[in-house]
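Take a look at the structures listed below.
Both of the next two complexes hold chain A, though its partner changes from chain B to chain C.
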Partner chain A sequence: MDAVYSIIPAGVFSQVFVGLSRTTILFIVASGLTLILGVLRIPNVAHGSLYMIGAFTAFSVTKLTGGGSEGFWLALVIAPLAVACISLIAERGMFQFLYEREHLMLLLLTFAISLIFGDLVKLVWGSEYKSVPVPHMFQGFVPLFGGLPFPLYNLFLLAAGPVVAILLWLLTNKTKMGKIARAAAVDREMVGAVGINVSRVFAIVFVIGCYLAGLGGVLVAPTVSVTLGMDHNLIMEAFLIVIMGGLGNIWGALLGALIFGLTQSLGILIWPKFGIIFPYLAVVAVLLFRPTGLLKSTW
Partner chain B sequence: MMKKRVLLSLSMVCIAGLFFFGLPTGCSPAAQNTIKVGIVDTYTGPATTFTMDVQDGFKLAVNEINAKGGVLGKKIEFATRDEKFKPDIGLAMAKELVLNEKVDILMGTINSATALAVSDFAKKEKIPFFVTFSKSEKIIGEKGHQYVFNMNENTAMIGKAAAISLAKKPYVKYWIAGDDYEYGHAIAETLWNNLKKIKPQVQKAGESWWKVGESDFTPYITQILAAKPDFIIVATGGSGMVNFQKAAKATGLSQKIPFYQHTAIELSVLKPQEMNAPEGVFGTANYFFYYPDTPSNKAFVNEFKTAYNREPRIGALSGYMTAKFIAEGYKKAGKLDKEALIKALENMSLESPVGPMAIRGCDHQLELPMYFGVTAKNPKYGYLVAGDIQVIQAKDYMPTCEEVLKVRK
Partner chain C sequence: MSRKTISGMGAGIIILLLFPVFLPRFYVYLASVILLYGLLATSLNLVLGYGGIFQFHHAVFYGVGAYGTTLMLTKSGLPAIFAFITGPLVSAAFGLVLGIICIRLSRLYFGMLQISLGSLVWAIVYRWYAFTGGDDGIHGIPMPEMISSPKSAFYFTFIITIISLYIMWKIIRSPFGSVLQGIRDNPVRSGMIGINVRRHQLLALVLAGFFAGVAGSLFVVVDNSVFPDMLFWTLSMEIVIMCLLGGWFTFLGPMLGAAVIVGLRTFVSMYTVYWALVLGIIMVLVIFFLPSGILGYAVEKFERGFRKPEGGEQ
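What follows is the complex of A and B.
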């Protein structure tokens, strides 16, 4: 390894892996967003709120199980399901009547919903910062790459990313439901005309997309402070990733998240003072040369 | 039928309007028999964790004052407005409070840009304005005037206080990192300039700046670790405080390279992390509910806890003292006159829960002590607290009158 480090510094490897673990969270959230965008054509600004609710629910679950780090595993199961339940109510109660509306109107509506969710979270959980402890087995760090410490929890995230990606691939490509959803994304009326209950498929897709937002919220919770406003920070990045990758394309979301995560972490290495601009430069570059996104958009 | 529908839609519009403009509190018509204070502050979003402290501390003191018969026979009344962390809304709210509610005094806000906008308005309208949580040094410096009072610490004070304490430590090679906005840059810059003045041999190894609200600090920390500085100055605020500490613990940074953050040792940052916060982080803060362990501080803590079921933090003290100064200022002036109030407040000293506090005459800055300490476990609490506390007196870390007035325009 020392020979390798003499060509490429160990810091670069460390930075790439940190970037990849960040990619995991971005991908999970952005894939949910793009799924809903592609199939239901809803630019769901409230997606960030669901991510926030996922994180807050994770906090409550770990707290109720005694504040121990093992509560996190329970939260990993319960919190995304709770978010899925909320989204099911929202879909059946509201969105199913609005699929034919203008995108701008849906954008405004979901923005309004995100504000309402923000206030509801404040009512339920209060305005104090919350913190979810890192699960016991992933506390601390290991020396990787020339002895530079690497957080164990980030290794867990690195493993979680591909699992979610493979499950999503199986769901969209290998199940009947996934095939219908992909068909409905291209031509909704045709799918309805052959006797398939499109409304039900849409509801399922919407719930799965929102489940992913909740899952992202739980996974990010141990690394950050769970606080009001975390929704706004994320939703912008998620939309940029979705736009970069191509609207509605899950693999586009993966590619976009990879670009976003890696340009950020490597940008910090190259020029720490202005590290923040690199992901946005990448977005600008992509949109200049491929205005419809890197991969094929379903729109 | 038609009429009914019109009525229905009209009422819908009214309800929508209420939601849009928020439900203002304290809508009573202006009475001559009260002293009215208008509070403009952020009551939505993450800043609420600090602004509610200010409001509750203020309310506590106002209730005390009113129970004793008020000031010059008049009760103190207050109205709050939510500026949603937006300067334009904040300014509109301040104008509304002055024009419609006829408030005598303005106070707030956590947003420095709003504070500067409201301060400018207060100057034109000749209304005293008490700044309770904004940290910009411009408020009493560059943009200072005789109607504005700063009731909390500012970035110039924070930077100088930290420099005084850090200069005593053996570190030489410093890394500077922070939120890429005014607060972060202002703290880092004053700290660095003061540190260089006190200890000329310090070196800057590098800088990193992240966007405000950055949640994942791991890539920044791994990069700093690779650069191996002796010490890191971390100029973050808000939820970035907790985020950075969590990442510092997860990456092992806190065990390898010591670092400093303003408010790192404060309750709002340490309590949410319970026993998982990193030990040995240097920080400064202006108030602890457990220090100094004096009867007057204990009494204040008990009173606040009974009323709101939580411990007071710096905002609570700031709000509490603002009300006390307003009341005592009017008493000393002997009449309800704004100019007389301002004259009375200059160089006035009051007993606070943590000892005497004065408003400096030249620039209207509250003279409050600063504490430097390090995060540490304490068997008395279920979370980390400040250990090894050193008190830095106001006169030692406040910029001098000449320095402040020199930059005023």
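What follows is the complex of A and C.
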């Protein structure tokens, strides 16, 4: 390996891995967003709020269980479920009446809901920074790439990404539910005409998508400070990823998240001050040459 | 315009002109902010309501105009008048460049590409400490003597806003404005009868950018500061809400929407920190129960069967 490091510095590898663990979070959130966009055609800005609620719930669960590592694993189960429950209420109470509305209206409406959720989070948790402890198992660093320390928790994230991707693939391609959802994405009237309860399918897809947002929120919680405003920062990135990958395409979300995560982490290496502009440059470049995204869109 | 509306407008203008005479300083400031936000929302409505273009990131042009004016005022030794011309022109140039890049795409994709480009501009402004002041922004911008007091800033804002509104009104009423509305209602047919659809849309984007830049420069006059949040996408959404709330198929709707939202924000913020919650609830109610906006609703209500509302049906 030393020969390799003499050509490419070890720091680059390390930074690639940092980018990949960021990719995991972005992919999990964006895949939920793209699922909802593809099947229900709702550009859900409130998706970011659900991610934030997931992170804050994780904070509460770990705090209630005494701040130990069991708390995190419990949060990993409970928080996404709590988010899913909230989304189920929102879907049955509001979104199910809106599937035929114009996109601009839906965008504004979900933005309004994100504002409401944002303030409700402020009401419940206050506006201080919160932190969630890294679970005991994954505390500390491992020497990777010529001895550079790499956080163990990020390795856990790296493993979690593919697991979620495979589960999603199985869900959409190997279950009857997934096949119906994919059919409904292409032609919802026809699916309804053959006697399938489309409304219920939509509700399930919506809840699964939001579950993923909550999951992303819990997973990201130990690596960042949990704070208000994390919703608006993330949702824009998730939207750009989804657009870049092709609306409604889960593999597109994966590809988009990879591009976004890697340009972000490597950009910081190339030009520390303006690292944050590289992902946006990548999105612009992609959209200039492939206006409807890299992979096939379901729209 | 009928005689009645002209006299009504005249009365309104006179009342507004008397504002600083009998109102305390804070309300003068508030009135200026309402005027410039109204101008900003009206400039967005030029492309969104009349042009049917999904301009999702209008705040970029507002922010760029404000930064352009500020940087000219603070970094160049030129007289202030050049700064106030440069700001809007830089915005118009951004409108042109972003327009050329985005115009090939339609509707939602147009909006998303614009948001990504706008976020790029935001990120640069946010990080370029040496030039733009980074995330702190620039505060205490020196103003020329003539417009440095709140009262004179109000009069300046007022005059510029009225002139800009008049020009936009003329633009919408011109053949170009009619073509723009025709493109909104049926782009394919407009193309078929020989209209260069993209060129017209592009011109509309440049004009909207210019007037957003004017609003940005006015903000510098009123507040003497700029900050990167002026370019963040959540502000763009708020501007769209102003248009929606007032009614985006009416000319003065966005101004009304801006007045309602800026006014409410000021007074709600005095009592609670949960302004976003209130705004969110207002938005949901408007979208569900008043989709054509306050003024749009009034026009429908009072002029039904008499004259079709401005811009035709939705």
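Assume the second predicted complex is superposed on the first by the 299 of 299 C-alpha atoms of A that agree within 3 Å, B and C clash if a C-alpha of one lies under 4 Å from a C-alpha of the other, contacts with A are read in each partner's own complex, and residues count from 1 in each chain.
Heads up, the rule we're going with is that a residue touches a chain if its C-beta (ideal position, glycine included) is under 8 Å from a C-beta of that chain, and two chains touch if they have at least 3 such contacts.
All of these numbers come straight from a predicted model, not from anything done at the bench.
Student: Please tell me, clash or fit, for chain B and chain C sharing chain A in the overlay.
Tutor: Once chain A is superposed (C-alpha atoms), there is a clash between chain B and chain C.
Student: Decide which partner touches more residues of chain A, taking chain B and chain C as the two options.
Tutor: Of chain B and chain C, the partner in contact with more residues of chain A is B.
Student: Just to be sure I read the superposition right, which of the two partners does A:Asn154 touch: chain B = first, chain C = second, or both, or neither?
Tutor: first
Student: Applying the touch criterion given at the start, work out whether A:Ala183 contacts chain B, chain C, both or neither, answering first, second, both or neither.
Tutor: neither
Student: Determine, under the contact definition given at the top, whether A:Phe239 touches first (chain B), second (chain C), both, or neither.
Tutor: In the superposition, A:Phe239 contacts chain C only.
Student: Under the stated touch criterion, which partner chain does A:Val283 make contact with: chain B (first), chain C (second), both, or neither?
Tutor: second
Student: Using the superposition on chain A described above, determine whether A:Phe274 touches chain B (first), chain C (second), both, or neither.
Tutor: both
Student: Under the stated touch criterion, which partner chain does A:Asp119 make contact with: chain B (first), chain C (second), both, or neither?
Tutor: After superposition on chain A, A:Asp119 lies in contact with both partners, chain B and chain C.
Student: Examine A:Ser131 and indicate which partner it touches, taking first as chain B and second as chain C; both and neither are also allowed.
Tutor: In the superposition, A:Ser131 contacts chain B only.
Student: For the superposed three-chain model, which listed region of chain C (43-51, 133-141, 151-159 or 187-195) is the one that clashes with chain B?
Tutor: So the stretch of chain C colliding with chain B after superposition is 133-141.
Student: Could you pull out which residues of chain A sit against chain B in one structure and against chain C in the other?
Tutor: 118-119, 122, 232, 273-274, 276
Student: How about chain B: which of its residues touch chain A in the complex?
Tutor: 44-46, 48-49, 52, 177, 180, 206-211, 213-216, 218-220, 222-226, 239, 241-243, 246-247, 250-253, 256, 268-269, 271-274, 276
Student: Given the complex with chain B, which residues does chain A contribute to the contact?
Tutor: Per the stated touch rule, the residues are 9-11, 14-15, 18-19, 21-22, 25, 67, 118-119, 122, 127-131, 133-134, 139-141, 148-154, 220, 222-225, 227-230, 232-234, 264-265, 268-269, 272-276.
Student: Which of the residues in chain A come into contact with chain C in the complex?
Tutor: For chain A paired with chain C, touching residues are 43, 103-105, 107-109, 111-116, 118-120, 122-123, 232, 236, 239-240, 243, 273-274, 276-277, 280-281, 283-284, 287-288, 291-292.
Student: Which of the residues in chain C come into contact with chain A in the complex?
Tutor: 54, 56, 101, 104-105, 107-109, 112-113, 115-117, 119-120, 123-124, 126-128, 232-234, 237, 240-241, 244, 273-274, 276-277, 279-281, 283-284, 287, 291
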